[in-house]
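These are the structures, in structure tokens.
You will see two complexes here that share subunit A, one where it goes with subunit B and one where it goes with subunit C.
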Partner chain A sequence: MIVFATGFLAAARILVPVAGTAAWMAALIGGAIGLGIGGLAGMLAGRFPGHSLVRMAERIFGAPLGKLIGLTFAAYCTVVLGLGSRQSVLAMWIAFLQTTPPVLISAVFYALVIYAAYLGIGAIARVSLIFFSLVVVSLVVLTALAVPVAAPGRLLPIVGNGLGPLIRAGFLAASYAGESIVVLAFLRHLKDKRGASRAMATGVAVGMVVMAVATGFGVMMLGVRGISRVTFPVLETARMVGFGQFLERAEILFLALWFSAALLKLATVFYASITSIADVLGLRDYRPLVIPYALLGTALSLIPESVLETFDYLDVFVKYSVWYAIALPVVLLLGAVVLGRRGGDDHVQSKDEH
Partner chain B sequence: MRFLRRLVRGDVRRPRMILGRPLLPLEEIADGIGTAGPGDGDSKAPGDVDAAPPDSPIPDTLDGVERRLRDLLGEGSPDVIIRRMVIWTNPEIEGVLLYIEGLASRDIVNLVALRSLMLAERVPTLDASALSRDNIASVFMTHIVPSGQISVLSCIDKVVDHVLTGEAALFIEGARECVVFEAKGWEHRGIEEPHTEKVVRGPREGFSELLRANTALVRRRLRTPDLRMDSMKVGRRSKTDIVIAYVEGLTNPRLVATVSERIDHIDTDILPDSGLIEEFIEDYPYSPFPQMQYTERPDRFCAGLSEGLVGIIVDGSPMALLAPGNLASFFQSPEDYYERFPYGGPLRALRYIAGIIALVFPALYVAISLFHQEMLPTKLALAIAGSHQPVPFPVLVEALLMEVTLELIRESSVRLPDPVGQTMGFVGALLLGDAAVSAGLVSPIMVIVVAVTGLASFTIPHYPTGLAIRLLRFPLLFLSAGLGLFGLMAGLTAIALHLGALTSFGVPYLEPLMKPRPSLRDVVWRSPVFTFNKRPEYPEPLDQVRQKKFIRTWAPGVAEMARKESREGGGEDGEKSGDGGRGAPR
Partner chain C sequence: MSRARTSTRTQPGAVLVAVCLLAVVSVSGCRDAREIESVGFVLGLGIDETADGRIEVWAQVALPSAKPAEEEKRESWMASSVGDTVWDALRQLNNRSTKVLFRAHVRALVIGERFARGGVARALDVLARDAQFRYRSWVFVTSDPVGDVLGVETKQSSSAALFLDDLMRNTARSSTAPRSRFLDLVTSIEEPGDQPLLARVSLAGPADAGRGAEGTPETEPKELRIEGSAALCGDKMVGWLDAEETAMALLVCNRLATYSFVMPMPGNEGGTIGFDMIRSHADTLFPEGIHTGDAAGQVTDVVIRITGTVDIREVLSSEQLMSMQFLERLQAGISQHLETGVRRLVEAAQNRLGCDIISIGECVRRRVPARVWKEDVASTWHDQFRTLRIVPDVHFEVGKRGMTMQSPRPVD
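Showing the complex of A and B:
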């Protein structure tokens, strides 16, 4: 859910200009890189069972540097949160609620994120499981309905703009898959650590395959040029399909569902961020941070003044965030191996644990 | 009087012969004491009386007893019967019988007490002069009063408590203790068909208000000796009897302990129904969603116990509780299992769809007609616009008007007697719906939307779950009217998050829905019963295996599969059934 809940809305718009008709393959390459990142995160979690990211970093590099790493992680989550929420709010606003002030949509969005964060990761995880299934079903339905409208010839040439751009686009796509590192913040809450690694790998794989399918169908239906002209290619794709004579323009149904998925993803990121900050500050309960941090997130999401500016920020973010997602587990793992650090179970009780 | 003084001094004589009949030796009598029937914390063997004197001891004289009883129970209560009598012992002694008319059965009192105490039919005769203050009540308990449930109590307050539950008490002249025996026999409703959980196919018996009748109904269905029924009392004034039922060796003891502990914490005045217990002991009392199952069907109650749940039966309530509950359990009906699975599965799935319709349909209509008309085919959009055109209100007001009217009709018909209620429902729905459309107050499409919603909400078998959905429909309406589908999804996400955080006795509320395989087997769908090899996991039963993996071994191929699996080392408790629904042999 983390991987593709907001990613696939605009992924095609970012990947197609670089990789051309091979953008769907770039999503798969990104998935492979994401699996690598997930594998590193899993190894790290296996070496430090019952540790949060901040605790791991503190144990490896000592308290000051560990706290600093924790803060960089929180900053990464904050940017994911700000950009993700802005994209979701914009998608709703542009497509369907143009008479409603975006601030109101943003306020409702953050109210729900706050509520979810208060309830804790257990509630978010359970609900995500339901919405994850619904989102996958919705995309399968959408794909099935899109088959008659799609023109497979638009996927040619198969390697698009060439191998170099394809790999470059693959790393851009990996920035979405790399967002899976946020689970490092709360892996300690999971009873079955091995199951968690498997679930993370499955999540990344399914998410990136879905992103590849969505991008591929976007190209088949809108063409490379068409995609570069629209804000959210998936929405335009959804607009082109219909349920026979019963429902037309059903994209709102899909968008409403995806909106909930995005909300849950961002609630997860929000939770990861505030629990990390709480760890850095040595707080036993993260809840006092929820409201101040939500205000920060809302303010951050309002910084881009226009849709275009939002995408400028997004372009920069996807270009560099993947390197952070790779560097974080690599640095921690290397540090642990070189310095010979290994963690016992220092599972810290928090009020959220279910 | 000399005899009384001897009794007070405790001057006990050895047993002797009276009228040529052998008298029972006192030691022999004393040996049998304390084993006759269930007592409570206050009931003691005679020898123990002096060890811990009760707070409110029984007065030494019968006059004192009578005065004390009148103090405790009031002077002017005509149903409190305090009957002075002379008992046939040799020499004769006096006694006082206490019972509440209406609570105690007159037949039992006459047979057990009056007849056995006042008519000298017994052989051998009892030598009363040989008994002491300390053991006389115990001797009466073991040898004279013919009752199955009988005990001796030394605290008069406790005696009164027992009498107020329908038992009768016999105070014997000079005795420190009192004999209390079972005499319950009040008028009560018989076993009838459950009113709120009717089925086309299945048992017709329902719980009644009588605790013992209810426990008997459970015992009749679960004849295992492992069935435990722990008794508790709750309510400072009502002193309501509660039974916690579970199957030892199957139900998780932690769950039993949690339920008992929470009930034990209840400190309230009266407890007229099990509904109050539910509110006292559930995890999230402020949630609109119920967290415990309630049922008036013994078959459903026993099915719950056999899955490792803990049952609670409250005296005076025909609704028994089962803990823990979860969302999926509220969409299940016993009929899902009594009907063959090809109907049970789709019917259950239909119920889930109905639940979603009941929650979102009016809000969806409002959102689409206000914000997303482009979703509809042109003809349908024009039809909706046309039907709404003469209505002077916005769609939200129209929807609220109809929803509130529907709730009024429903509420009024629930409170009325059955035939009147049904008529009221029809008349209300037809007249109000038709008249409202004719008057131009609502559009015909809105009537259809509200009617479908109402029908859908009736399909939910668990009434409080239906109430929760009815309640949550209104905020969703407002959110849809304000923000369209975005608002609706925001509301639904909030509800889903709330459900995700809910627990019932520590078990996540959405637990069975989280696991795909059991979910498809017996949660959103109902598979054939021969595939239910394991019990549900959420109550963490000690014994997971419900039945053998291969039952239909007479069906073609199944026996071979069973043999193959046994060769490969597969157990009887495998995850999936190998039976696969094979048909009967040709």
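Showing the complex of A and C:
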């Protein structure tokens, strides 16, 4: 859910202008790149079982450089959190809660995120397990209902704007898949640590297939120009489906599930950020950081003053963040191999381990 | 000491409960909540241009009653307002209504001919931005006064908008009008190779609509008829298509669900024969290919190959189609009949309307690289379309002939 929960709301609007009708393939190419990132991250986690990302970095490059890498990771997570929450809040505000102040929606979002963070990653993972299946079922139902409205011919020409733009869009899509590196903060909590690579690869593959299907159906229903124009393509897609005269305006059911998924993703990213900062600061418990960090996150998410500014920030993030997502596991893994570092027991325990 | 510590520990819980209670009171939305009685559910929207160039908007609003059987009570009311733009007119309509107008249930959007000829894009922006308005609403164009169309009272539905909705959902299967939704309109006006056809709604007296209602006084209320279509070039209406031309356009675009027609019996026997078209498929072929390079996207010849099956529904002739030879002649006759219809449509599209309403450009767009279409072809497609040599090639076969092989007839 980390991969698609917030990104798929607007991914088509970013990918379609670049790749044209082949935007859905760009999502799959992004998924392939994401699989590579996930594989590297999994190998890293396998080499340092029981270590958080900051501890891995410290072990490989020493404390000062390790802490610096930890801070960059926390900053990355903070941007993901800020943009993700801003997107979700805007989607709710523009489409449904038009008279509610966005600050209030944001506050409710963060109140729930704080509560989830206090409960810890175990609770978030268990709730995600329930919601993931519901979200997938909702997407399958949506796809089935969208079939009568979709015009498959709109996906032609198959390579869209050409091979070059397709690959460029693939790298943009890979930034969503690259968000999977967030799990490096808490992969140590996996029972089967050797299965980390497989778990990450599965997550990336499912997430990017969902994004490809959402993008493909968006193009089939609204066309290339339509998708590039609308604010939240997936919301428009959901608003257009129905079943006869007795299932109309059903998008609210889908959106309730999708926003729950977005909430869980943001709670996960929030947890990854504060545990990383706690590791950098050498704190045994991350909980004292929850409220200050939530205030920071809320403030950051309110920096873009308009929808246009939010999308500008998002465009920049999507353009460049993939390189960070690739570089982080590559640098750490190369460092570990060259310097011959390998993980032992990590003595810094989190609340979840208590 | 222990009690004091316990009391201190419970304080955060108490604060949390207090905060939740405060939130329940302050952010519940009850302060400005809208009761359902104060919401006006707009079922039909009408837009037209006045003679002095201003925009007039009509809204047909449902009036839900606590007593459904109460026949005296009006089930909908209609209001109109005039403004400089569609949004200006809508805004004034809101100011005049005692109910908050809610546009999420708009079933029919009726556009007047004058407004359509001036450009429907003037209405698309405000509706596409509206979070309430649905892309699934039906869109119609009328040459009659829009207020009269939405004001028609029918016994079959509680309002004209619901009647139009029912007609489009259930009876538009005769396919003499396109099933044009708002979604189709917004997606097709942006593509020069796939221009919109919008269903035509018109007022018809009972005699026109029902045929044969002889002696019906002229004061009899009008009825609504959906037949034919308005052809748009970009966002501007360029002309009307009659019922047969519309059916042929839908046939060529593979959007014809079913179609019924009657034609003279081929040969010398005389009489007529009626059919239901139950299956059809059209392929747009480019025998000489689509040139790229210097003449990027240039098309000269197009063949529209249509195949399908018709069922015999009525034979009013002495010829009872009992020989294979005559069946083949009949199939050739059907193909010829439909081919003539397609030729008439092509002629109308190329010369009378000058606009690609048969989606040949869309077929070209799918076959050429996106860059070529965008940069070299799209901007000049309308001109190129008018010069194409379009050849229909129709082959239909006869399917079922019903529960009897021959007509029941008295002995000669």
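A few notes on this one:
The definition used in the following text is that the second predicted complex is superposed on the first by the 350 of 354 C-alpha atoms of A that agree within 3 Å, B and C clash if a C-alpha of one lies under 4 Å from a C-alpha of the other, contacts with A are read in each partner's own complex, and residues count from 1 in each chain.
We adopt the following convention: a residue touches a chain if its C-beta (ideal position, glycine included) is under 8 Å from a C-beta of that chain, and two chains touch if they have at least 3 such contacts.
Bear in mind that the values here come from a model prediction, so they are computed numbers and not experimental data.
Of the two partner chains placed by the overlay, subunit B and subunit C both lie in contact with A:96.
In the superposed model, more residues of subunit A are touched by B than by the other of subunit B and subunit C.
In the superposition on chain A, A:115 contacts subunit B only, with no contact to subunit C. In the superposed pair of complexes, A:153 makes contact with subunit C only, with no contact to subunit B. Counting contacts by the rule stated earlier, residues 96, 100, 104, 245, 249 of subunit A appear in both its interface with subunit B and its interface with subunit C. Within the complex formed with subunit A, the residues of subunit B that make contact are 371-372, 374-377, 483-490, 492-494, 496-501, 503, 508, 510, 513-514.
Interface residues of subunit A facing subunit C in the complex, by the touch rule stated above, are 20-21, 94-96, 98-100, 104, 149, 153, 156-157, 159-162, 221-223, 225-226, 236, 239-240, 242, 245, 249. Here subunit C touches subunit A in the complex through residues 27, 29, 32, 104, 131, 134-136, 169, 183, 186-187, 190-191, 362, 365-371, going by the rule given at the top. In the complex of the two chains, the subunit A residues touching subunit B come out as 92, 96-97, 100, 104-105, 108-109, 112, 115-116, 119-120, 122-127, 129-131, 245-250, 252-253, 255-257, 259-260, 263-264, 354.
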